[in-house]
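Before we start, here is the structure in question, set down as structure tokens.
Labels run A, B, C and D following the written order; every chain starts at residue 1.
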Amino acid sequence: MDRIKLGMVGGGNDAFIGAVHRIASRLDDRYELVAGALSSTPEKSRESGEALGLARIYDDFKQMAIREARLKDGIEVVSIVTPNHMHYTTAREFLKRGIHVICDKPLTSTLADAKKLMKAAEGSDALFILTHNYTGYPMVRQAREMVAKGEIGKIRVVQVEYPQDWLTIHQDFKQAEWRTDPARSGAGGSTGDIGTHAHNLACFITGLEVEALAADLDAFVPGRQVDDNGHVLLRFKGGAKGMLWCSQVAPGNENALRIRIYGETGGLEWAQEDPNYLWHTPFGEPKRLITRNGAGAGEAAAQVSRVPPGHPEGYLEGFANIYSEAADMIKAHREGQEVKTLLPTVKDGLRGVQFVDACVRSSARNAAWVTIPN
Amino acid sequence: MDRIKLGMVGGGNDAFIGAVHRIASRLDDRYELVAGALSSTPEKSRESGEALGLARIYDDFKQMAIREARLKDGIEVVSIVTPNHMHYTTAREFLKRGIHVICDKPLTSTLADAKKLMKAAEGSDALFILTHNYTGYPMVRQAREMVAKGEIGKIRVVQVEYPQDWLTIHQDFKQAEWRTDPARSGAGGSTGDIGTHAHNLACFITGLEVEALAADLDAFVPGRQVDDNGHVLLRFKGGAKGMLWCSQVAPGNENALRIRIYGETGGLEWAQEDPNYLWHTPFGEPKRLITRNGAGAGEAAAQVSRVPPGHPEGYLEGFANIYSEAADMIKAHREGQEVKTLLPTVKDGLRGVQFVDACVRSSARNAAWVTIPN
Amino acid sequence: MDRIKLGMVGGGNDAFIGAVHRIASRLDDRYELVAGALSSTPEKSRESGEALGLARIYDDFKQMAIREARLKDGIEVVSIVTPNHMHYTTAREFLKRGIHVICDKPLTSTLADAKKLMKAAEGSDALFILTHNYTGYPMVRQAREMVAKGEIGKIRVVQVEYPQDWLTIHQDFKQAEWRTDPARSGAGGSTGDIGTHAHNLACFITGLEVEALAADLDAFVPGRQVDDNGHVLLRFKGGAKGMLWCSQVAPGNENALRIRIYGETGGLEWAQEDPNYLWHTPFGEPKRLITRNGAGAGEAAAQVSRVPPGHPEGYLEGFANIYSEAADMIKAHREGQEVKTLLPTVKDGLRGVQFVDACVRSSARNAAWVTIPN
Amino acid sequence: MDRIKLGMVGGGNDAFIGAVHRIASRLDDRYELVAGALSSTPEKSRESGEALGLARIYDDFKQMAIREARLKDGIEVVSIVTPNHMHYTTAREFLKRGIHVICDKPLTSTLADAKKLMKAAEGSDALFILTHNYTGYPMVRQAREMVAKGEIGKIRVVQVEYPQDWLTIHQDFKQAEWRTDPARSGAGGSTGDIGTHAHNLACFITGLEVEALAADLDAFVPGRQVDDNGHVLLRFKGGAKGMLWCSQVAPGNENALRIRIYGETGGLEWAQEDPNYLWHTPFGEPKRLITRNGAGAGEAAAQVSRVPPGHPEGYLEGFANIYSEAADMIKAHREGQEVKTLLPTVKDGLRGVQFVDACVRSSARNAAWVTIPN
């Protein structure tokens, strides 16, 4: 029952995702948050750190990495929840000192950074986990297991989408500001912020990789510097085809991530806003609604589910599954055991940034096909 | 109360769509079916015609056109419900003799035929109506009216799809056979059979026209000669963007035509399988579910609705609206009045065939953009 | 193809249900409406009859019964679509002259009339059919067939409800006026108008009969003379239990008739507003959504369905099934064949009126149990 | 940031609800679980306590109450998560020593115990909180706020139900065993275990109290000693009427708690399995779907919600709201401030047990009306 010592970079008072990471780390009681550099200025960092009762508060992440690495009971893992452009430089400092990293997505704001971060992670003994949190939902695991078992046959078509509506108009609060600033968010707007989730989810469930894509991106809101709507044709290795839609200007959609997968013998459908359900549609039979922990749900889902069927689990539970599996990995690593995991890796992160990069390049060339390197 | 004399070409015993047209013509008691050349052989025509109790049964459509045109109380309008490749030659014979035509979609199996049919229709005093029947649904009319009134603002994004699953495997019954035979169906498979419906619906509701498209078509089922799955990027005149998906290999989808439209101030969503509902999602307000004839539904929907809210209307009622509005047109034409209508015209039919043609050409060129002429 | 000659009593210009009966009779082309006494005054009758192009228009139903019975090609069947209090006297005149009767529900406005009408029907060679139209929906037939085949085991619990909202406030248009007037509607308000539908549906699908009930009825709207909300506990013969709720004051409910049936091994759920779906919930297995004409739907549903799965059928199609099966019965009767049917009979009508009577009596005695005689 | 010291009685290794309480207490980082008597035998208590890393493990709850009360930094609050029959004796020991109690529902297994526990709570300075956890859902709070603000007018009708299916057959695992044993569960089976939740929810949202009820209870599974299905008519003070259905034998229902409330000007509908949505149906306007933290959601919901709209919260978050508000109460109590709360009190608990008692007595008298004392 000794909890893993956790640090955090970013996630100060007015950040959304930092609080989510903290709850997620706490849900299964596997972590203790003890240190942080929570904001971009020392004052704000201190203020936020004190509000959380952190044992050790740092002015900046580099100082934090150096000192924690030297402490006898320093942090074993750090959560990086800054804006995207800070991921690489931050992660590097911890990785090179052997501190595991749990990093928010997308991996980085540029492809160059992503490649460097991949190199840094590969060159470190420390673990690197990317919080494509939707992979933590039980019914996403269920879908992945069913595909792997061949329950829908060879996959032909993937329809994935992640529409939102919060940027339908110009917004200038902090979240909106950095997420629409290419310097901090990266060249992709909706593609980077949510398109990467959709891309990752499609690959996670199907086990397929995108080979090439053609993207038609728009910035519909006047003055917006990054895309707020993206239409993407996908070609997967092995012949499956897909469509991906991401949007921040689709009124009535909150976080309507949704995926539909069709194989030679059946289909699957899952929606993030109603995550406890999975439709399975075997060809020639009635549609079946599989529920979390209910009849028809298998082992993969049960392992990441906490309460009985009919008692809904949500976003935080899915996010917490990432943290709890990361804890398993950290423990295995600590004990020199093989570290097996389904969690998104730095490689998945690189593929996400490649996806964004390919979307932006394709769109700049009138939606020409762009190949994604292996 | 004198009913309009109606004839039918095609729609013999084992056809699906002929029976639908007959019910649709009967629902509001505006037509009387009196003549027909219901099948491709005289024997079958006779057999089918007798089963329906037709007053005049013909061996073939040409004979029928000639004789009916001469009769004092011959048919005033003919329904053409043959396979696609017969539409042009059939329609031509009636149009040139001043007999109105109600023709099943798509307009023709080839672009060349479509242009000739357009010319034939324009050169005739007779009316030509294309049964893109989904435009007859009350809540489709409601959506169209709301867009026209600016209730969702200038349109940015259109997501439209028409997945089915009946051709997930090779099928060889009659319906499947001709619809997958390019000689009878046309070069487009799913694009022609259902993609045209999706295309038409998007244009009907939004009032926009597709300017260019990029299509990635597949024939997933081995041996299939026409596409059974199509992924299409759309660019509308005026700057709106769209995605169109049509598929006949998506298990769990029966006739899942669905459209979502997003404008600067709100969104609309409608699904053919649950046609009595229309979601309206004004930005910054709770989602609203408008029901057929219910609170919030307007004049356009009420005009084509027969029963109170909560008593569902379906496919046949929507189809019957096409026939009943065609009856209004025929009556207005007869009386020399101006013929106003929302019904799909030969021009809409041409645009549908252009859509299929563009899809096929784009896909052949690796999903390059293809412009659709005006 | 010779159509059955049909007459109509009631259903003049401003009536809702008369138009429904006419469309229903026409849908499958089995009837020809030739005669009518459509309104309570000769003037209105004439006006309405002419608008419909009736061959023979009568001043009143008695005159009509007498004359039609004498005509060589007089009507073979009459539809009675008057307010409830007129059903008995009207039906009697036709039954005693051997003219079949298709009568709107509830059977009568009083129990005394119901018994007399039952006697009249039993004493006549003519057929009597009651339009509990919801029994005509394909998925209701599907549910009935599944119960009969034991697919959910012995039934334990039935939850049935029919909420509406149109009488949430005082309304004084014609439909509201007579339906809230005990002299015309009967002692039951919501219980008579829609509770009888719920009661009938429960019995139709389960094959069970209500043995006793306890009812708590209210007239919530000030000045209303009949119940507008009813809460009813049901005990079925054989031990199943049920709850029935009918309401006309439940905002947001249009015609939300819905039934859920639970047996020892599974459940079924159907909702009138989405009638093309039937949930089947076998215990210990994922829920299954059976669709009209789709995979998993059986023979009973297919026989009363006209279009492929995914093309919704609605209220009028269900209603038309009553008429078309009545046509089968009339033809069989004409030819001296055995008349087999699932259609609601005069006995079912009597049981409906007994249900209303029992509700009213129970409620008057503080929701004491009232036994329903066999 | 000093966390409240928490103890737990019950909730050993194989219990479901204990783990839920622990997660709920942890989610917002307001508690530290330090002591426990987690099982009915000292050995199991020790084993479970060690697995959780508890600082102080006790053989039994009495010993725990005595010692913790004497410790300088002993627990400030205890969670009681034993079977129902142990609630009273356990709570008493802590209450009389000034230790706050968070107690699972129903309050007790007998009415006599409930009254004694109420007296004990009233006689203590310590706080008593009952975990009718569904009151913690944001959209339940939203509904309550809307009713209080008069947004649906004076309430007329309440439909509430809580069907499950897990006891459709005889089950003999531990959870099933004690919950169907009247000695441990109380005289009510489904009425006590889930009917109380439904009853509480109805009262919580509407602000109304049940004045009288008539119940028809059944034990459908052979050999079952307590009801597994209950049909209850409700009369609320002030004239509203209701129906309550609870069942553990309704295949296809997991935890399908659902409430519908109709007032003079509108309705509300909420379902526990999809808790992030609330339907609002103002009479004469389109239905509105209010989402958690979305447009149209108010202050009451926002206060108990953690993540943005479209990211679902579930059962654990709702449960955690109970704990976090209890923490607020404890803190206010500690500082001598007024303790304001919406949380279920011992009085609510008593009313719940009165509800069960009334159901059982009513059913024994053939569903006669039983008045619930104030």
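One rule holds in what follows: a contact is a pair of C-beta atoms (placed from the backbone, for glycine too) under 8 Å apart; a residue touches a chain by one contact, two chains touch by 3 or more.
Everything quoted here is computed from the prediction, not taken from an experiment.
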Inset, instruction - Sort out for me whether B-C or B-D is joined by the greater number of C-beta contact pairs. - result: B-C
Legend entry - Taking each chain's C-alpha mean as its centre, the one farthest from chain C: A
Legend entry - Computed distance of Cα centres, chain C from chain B, in Å: 35
Legend entry - Interchain centroid distance [CA atoms averaged], chain C/chain D, Å: 43
Legend entry - Separation of chain B from chain D, taking each centre as the mean of its C-alpha atoms, in whole Å: 55
Legend entry - Shared-contact residues (touching 2 or more other chains) in chain A: 253, 287, 291, 294
Inset, instruction - Provide the residue numbers of chain D that touch chain B in the complex, in ascending order. - result: 280, 284-291, 294-296
Inset, instruction - Would you mind writing out the residues of chain D in touch with chain C in their complex? - result: 152, 156-157, 159, 161, 165, 168-169, 214, 216, 218, 220, 229, 231, 233, 235, 241-243, 245, 247, 249-253, 260, 262-267, 269, 279, 281-283, 287, 366-367, 369
Legend entry - In the complex, chain D residues that touch chain A: 1-2, 16, 19-20, 22-23, 26-29, 51-53, 164, 253-256, 272-276, 291, 294, 306-317
